[in-house]
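Report on the following structure.
Chain IDs A, B, C, D and E follow the sequence of writing; residue 1 opens each chain.
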Amino acid sequence: MSEHVTSESVSQPEREREPLSGGRPVLEAEGIVVEYGRRPALRAVDGVGLAVAAGEVVALVGESGCGKSSLARAIVGIEKRKAGVVRLNGDDVPTLGLRRRSAAMTGMQMVFQDPNSSLNPRRRVGDQIGDGVRAALARGDRGSDPADWLRRVGLDPAMVSRFPHEFSGGQKQRIAIARALAARPGMLVADEPISALDASTQTSVAALMRSLSVEAGAGMLFISHDLSVVRRIADRVLVMYQGRVVESGVTETVWQNPLHPYTRALLAAIPLPDGAGRLPVAPAETDRAAWLDDVPAALERTTV
Amino acid sequence: MSSSIDPAALTIEGLRIATRSHTIVGGIDLALKRGGIHGLAGESGSGKTMTALAVLGLLPGSMTASGSIRLADAEGPASTELVGASRGVLQGVRGRRVAMVFQDPSTSLHPQLPVGRQLTDHMRHHLGLGKAEARQKAEALLDRVRVPDARGALSKYPHQFSGGQRQRIAIAVALACDPTVLLADEPTTALDVTVQAGVLQLLRELADGGDLSILLVTHDLGVMSAVADEVTVMRQGLVVESAPREQLFTSPQDDYTRSLLAALPGSSFEQTGEEAR
Amino acid sequence: MTRTTAVRPPRSRGGRTAHPFLRYALRRVLTSLLLVVGVTLVTFVLTNLVPGDPVAAALGQRAAEDPAIVAQFRATYGLDQPLVVQYFTYLGNLLHGDLGVSTTTHNPVVDDLAKALPATLEIALGAIVLSVIIGVVLGTIAAYRRGKASDHVLRVVSLAGLSVPTFWLALVLYYVFYFQLHIAPGSGRLSSDFSTPPHVTGLYTVDALLAGQLDTFLDAASHLFLPVLVLTLYTVGLLTRFVRTAVLEILDQDYVRAARAKGLPTRTVIWSYVLRGASIPILTVVGLAFGSLLSGTVLVEAIFAWPGIGSYAYQAASHLDLPGIMGVGLLIGVMYLLVNLIVDLLYGVLDPRVRLAS
Amino acid sequence: AGCSSGRTDTADGGTKTLTIDKAFDLKTADPGRMYEPTGQLVDKALYETLLTFEGGDVSKVVDGLASLEQSADAKTFTLTLKGDHTFSDGTPMTADDVVFSLQRVIGLKGNPSFLLDGVTVTKKDDKTVVLTTATPTPALPAILANPALGILNSTVVKENGGTTDETDTAEKFLNTTSAGSGPYVLDTLDLASQVVLKANENYDGDAPGYGRVVIQNVEGATQKINVEGGSADLALDLSGTQASALGDSVAVTSDPSANVIFLLLNQNPSVSAVTSNPDFVKAVKEAIDYDDLVSIAGTGTAQAAGVVPSMLLGALPESAKLTQDLDAAKADLAKSGYAGESVTLNFPSDISLNGIDFPTIAQRIQSQLKEVGITVELAPAPVATELDAYRNGTETMGLWYWGPDYPDPSDYLVFTPGNVVGLRSGWAEGANPAISSLADAAAAGGSDEERQSRFEDLQKALNTDGPFIPLLQPGNNIAAAKSVTGVVYNAVWTIDIAALSAK
Amino acid sequence: MSEPRSPRADPRDGAPAGPRDGVQAGMLDPIEAAAPRWRRPRLRLGRWSAPLGILGAAVAVFWILIALLAPVIAPHDPLAQDLPILQAPGEGTLMGTDALGRDVFSRVLWGAQVTIPLALLLVVLSVLIGAVVGSVAGFFGRAVDEVAMRVTDLVMAFPTVILAMVIAAALGASLVNAVLAALIVSWPSYARLTRGLVLGLRSSNYVVSGQLLGFSAVRSLGRDIAPNIVGPVLVLASLDIGTAILLLSGLSFLGLGAKPPTAEWGSMVSDAIKNFDAWWIGVFPGLAILTVVIAFNFVGDALRDALDPKSATIKGGGTTL
């Protein structure tokens, strides 16, 4: 037994990490690797670590297919991790299997991109929010009234007895958020929660999510490729490229002074609705190779 | 009305599109200037796509169009009426004089046909080109939209290209018969921003190149602001505002336009609500 | 707002050694082979569950009472061995292409099947070819004219096709066309005043043409007519409904709208774009339909006295001819798997995404 | 122009094709192994036998290839080849061929081997063969007329694996080529679908009426259509109803066949307490409406007066047949103590005899017995499965038939206690000593008159006390196109194809 | 990233869309195509299929009533052999008499009592067995799934009629055994359908959400999955009733089902073979089969249309009967 090595000692973080917005970390993830298939495997997430503090909103941005969803799913435990550890309030997060999730683990909830598939079409929305309430109760947390949650996400509380198909996409997404929050999670993972929504409701839903989770003191990992929204609601931002985090830091810092060439290209490519007729800068094909390089200085930045 | 050449390549007047029970588009006017990019913005479901389809006479079977859509002839003052046009007229217009690019490049190209075939079949049909000739022209087109290795690309299949490249190919397909009007229905919506930037540059170049007029349908006002010369905003099947770009973005006249802009981060109208930090 | 739904080509997860398509093909072949072994086991177990003594069935009344003859018979056909031994003997022989000797016909089962198979194939192929042509045309029309009168008529027709009991239809057609109107020829593959054409493929129509015997060809073709018609009706119903769905699905695709926006003639759009797009689901259902045709021939063959696999199966089953039953089960199982294998491999031909996965 | 024709039926009569529809039960064309009606039909045309029957009269044996001299004790039979006979390949026939053929049948232990049980075959000289038996065998001449005992070309058969014991492998050869001296030779044989014969060019008798004969496997209903429509010249398996519905374009020959359909009631009390009760058996005999069954079976059918069919020596006269008597039936039923128990009637579901379906007869009997209050439950099964129960004597009630193995009443002694069919009805040795002694007497032989009366006595006793109820001799209906002449039903080989010719 | 539409490598697996075996074949599962995604369960009465569906339902109900009322409305005992044999329709009998002098009309009416309930029973049992096996295979995956799917492969590779023939021969001919034989060959299509649906739903966001909220496997299956697969399964089932009737009567036709003297449509048709001139013996029971089957097919088709207007009738692995 003397040779026994604890899993913790194996997965020592390579560098010290300071939660930037203060507070204890609700969620810690280290060295996450996600692979799909065999012979050879497709490495979708390649050693990503992050921490989210209570009341903090961390955004994850990056191009399509860079591994954002895979990372999110690995964190919550929907996807199997090839390597890496995830801890929620210090407890290891297991992969979702046939066994039911422990009460402690219901402290992490997820909101998905597609509001249409997030709700069971055959059950009343009140019931489904009630699932969240029950999860909170099972954990010994405060209960609540589903109707009240509807009100909080800006819907008519009387709608509890309706079925999902009676709602628009934006409304469904609000219900999904309500269900997640009703479980009183300490950590909320949101995978592109607004990208399927109407342009006009995207911003308001994003803002709603931020306010509700901050209000509840929960940490939130917010995945989006919409950089302008990210800029408005995230405390910190992680930029992913091809399965790895290439840049991270306080949102404004990254925005003002992007260090990684990919981050720069990304920011430069956003067309601004200012009416100036400025064409966004299109990166050349050849630039893409450079985006794979690490820029150590870009990785963990607390100040400008 | 007496000038030799109509300044508008495409003129839509009082266009109504309706199903048996609903009115989708409730009578809109729109003039597409020659050699410019005309942006068509508006919330989802406001009828942007249907307007574009009406130009080609490709509305779903359950819908009918009324009003007038006139396509100016390249030379001379004459124009072709497209609403209620015969099949023969429409077949001659489609792909030949008016071409269209669809939203999702991954679905608008046939996955089982090589790119070369999809680029050349309407050229051969409309322009009567031979196989070799058409391929040569196709190669030049792919070069023009900057698809690498144009010759090799002709025998490849769509899935062998990236999303951005596929959209360029779709644009090349649209440009093949040298149309005067290009209807681009949200051509960048499916793309990453870095890829989108490249496609937007391409559209700009095409419009600047001369005779091509582009109707750019998008709900992304950022995109609109970047490339459109003229902007029309639709809501619930009606035009609420139509103005040159600068004017629309800096001094919108309509409340709806204003509220749209206000919801946008980064625009000059951005609200700094207390919910945002 | 940009939605990142760009589709990228599937990345290769192919093996170090083989092209992914080859691996896929190989895997398919191997699973098919495993299934064949499964089929042999099932047939073997099932046929040996059958009560009643094959000896009694195979030997005449008198002979079955003579213990010496019975013992001799059992030894000849290996029936005196334990079942497990019998099974492995069977498998071993199978590898040498030996399916045993039929206890009813006293011929090697392989020979019997080789003779019966072309007869069944002739109607099954005839039916499938006809059904595919008619089904694809009608299905495409129904999809194209969706909601119009012709669509509704085709819906009723194809559902009716699916609902007709073939055994009854066969009888009725036989009654009307042969018995009453004397338009169709009688049962069997060939009128008795014709001799079988020189054996090349075993399909009489083809062989007759190869031999240049036009009148034999016509006679064989006229005998094919009713059985093929009966089998076709069901498959046409099936295919029409399915092709309609598949085509509707494709008509909804952007690439079809794009093709129309290019101003291509309707015929080109249908042939080059729509049907090509629908080809893979159609192919699958054709494969399935062919499989069900093969076993569906039993009833039709019974009525038209068609000396095919179906008649052979029925004869073998009613005489408890174990080698015969196992042979038929194996043959049809293998054919079914083969058809599916071919269908699977054709996907590769039809879909560059499969073929060119790199 | 330039096309060849696959049609064989050309204008000149020599190659005229005769098409016969027959529901096949063909297992082989090898005479040494063949014992099914279709095989008899085929082999009768391919092979000649030492003795034979004239036309349809099977009660009298006549000379075939040979003439017969029989000892008075019916134990020694001397057969002398008459004239010169040649096989289809031109080889002359000798006594060696006869000896080989008969010894092969015995040695093969095939289906027809029983025909020559206990017979020793010896060659006397090149023209003469002597058959001897240990016990009197008055039936032997009739047996020798069976096509299974056709004479083979021993040279050819031996060359192709033929022996006179179980090592024989000539069947395969004989299924492709015939080696006989009959009027036809085998062209092609497909056990499942059709047999094609062509005229034997070396036949020493009159050339047969057709150049080519196609016997095709066709079910009864289709046969009717075929013969009416003209695509078949002869239909052999028509039911009475089908035959009577035929139009004028076809000539129908209807005769009762030699098959006897009978009902058996198990006498073994451990199988059934009900059917083993003699009063119950009696009641059933009296309850059945025989005339109704005959009419259901249709044209040509006759009630079987006893187990021996009417055309054979020893058959019961019609006056002795069983008749319906409902009052007696009810009385006997009451006497038997039957209380409405359900009695199972087993029968082969897939047998159709001369166009009569067993299920039809069974259903009719069920319905008739219901009239007097007997509940019958039908239990059909494929013959392959049901045969087992029948042979093991475990059927409560069974509906079966017996076709003569050879046209002699001694073949019917099996319907007595302790014998094959008797045992199938649970009738053990000694169960009815009176009947057993009548059977012994009938077996002894004697003059035709003596045999006739002894078999009559036996059958009368069987009808009164036996567990068997003879029901029908189904009609054999042969429909022939008007152009075909010479159609005569024969109980052994159905028809002699060689006797047919075109008008 | 979203995959191209309906990519599926194995056409007979109801596996969820996604790359498998390193290749993507754009495939549409014909079985699953029969099964619409369960959309809003609203019947569109305006659609043309609805009138057909209503007609079908009416005919089906008509036959079910006949089945129930046969003892009352049939003019004769279906087993009584008291009429002249082979009498043509007309004079006293609506549909003539058969070779034993039974009234064909009465037998056709009584026949409804035999075939329809058994077909329904067969479908219900197939659905139950198939749904249980499919759900377990789909939800628990791995070895369970592998074994279950290989078994269905086997059964499906085996020719339906011949398998049924052998089973019926092995167990003896009776209607119960015919149902058993048919059951053995017909449950796999439901197992596959259910498995495919469960597999698809298992990874769906709402099921995962439920699990994140602490649902047990049983609860997930019962609350989130089961209600969402009943629709497609019901549609397949309703389309399958016709197939079941065809299969059962086909087996009886071959003499492997109903025993005489039962008035069963398939065996009545087979009686006609022996009495070809008496066309009425076979034509009427055949028409009965046809109308019942077509009625159920209309209903199933309309049902499927109402649930998913795009898909069309298809019965995978079905048998030509």
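Definition applied: a contact is a pair of C-beta atoms (placed from the backbone, for glycine too) under 8 Å apart; a residue touches a chain by one contact, two chains touch by 3 or more.
If you're wondering where the values come from, they're calculated on a predicted model, not measured in any experiment.
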item: Co-neighbours of subunit D and subunit C - touch as defined; value: E
item: Graph separation of subunit C and subunit E (steps between touching chains); value: 1
item: Longest centre-to-centre distance from subunit C, chain (CA-based); value: A
item: Pair of chains joined by more contacts [C-beta pairs], D-E or A-E; value: A-E
item: Interchain centroid distance [CA atoms averaged], subunit B/subunit C, Å; value: 50
item: Distance between the centres, which are taken as Cα means, of subunit B and subunit A, whole angstrom; value: 35
item: Gap in Å, rounded to a whole number, between the CA centres of subunit D and subunit B; value: 89
item: Contacts with 2+ other chains: residues of subunit C; value: 1-8, 10, 13-15, 50-51, 147, 179, 253, 318, 320, 351, 353
item: Subunit E: positions in contact with at least two other chains; value: 1, 4-5, 19, 22, 26, 169, 172, 273, 276
item: In subunit A, residues with contacts to at least two other chains; value: 37, 63-65, 199, 202, 225
item: In the complex with subunit B, residue positions of subunit A that touch it; value: 63-64, 198-200, 202-204, 207-208, 210-211, 225, 227-229, 231-233, 235, 265-266, 268-283, 285
item: Partner subunit D, residues of subunit E touching it in the complex; value: 79-81, 85-86, 99-100, 169, 172-173, 255, 259-261, 273-277
item: Complex interface listing, subunit C residues touching subunit B; value: 1-10, 146-147, 253-255, 257-265, 268, 272-273, 276-277, 279, 350-353, 356
item: In the complex, subunit B residues that touch subunit C; value: 56, 58, 61, 90-96, 99-100, 102-114, 117, 121-122, 125-126, 157, 159-164, 170, 173, 188-193, 195-196, 219-220
item: For the subunit E and subunit C complex, residues of the former touching the latter; value: 1-5, 7, 9, 11-12, 19, 21-30, 33, 48-49, 52, 150, 153-154, 156-163, 165-167, 169-170, 172, 242, 246, 249-250, 253-254, 266, 269-270, 272-273, 276, 279, 282-283, 285-286, 289-290, 293-294, 297-298, 301, 310-321
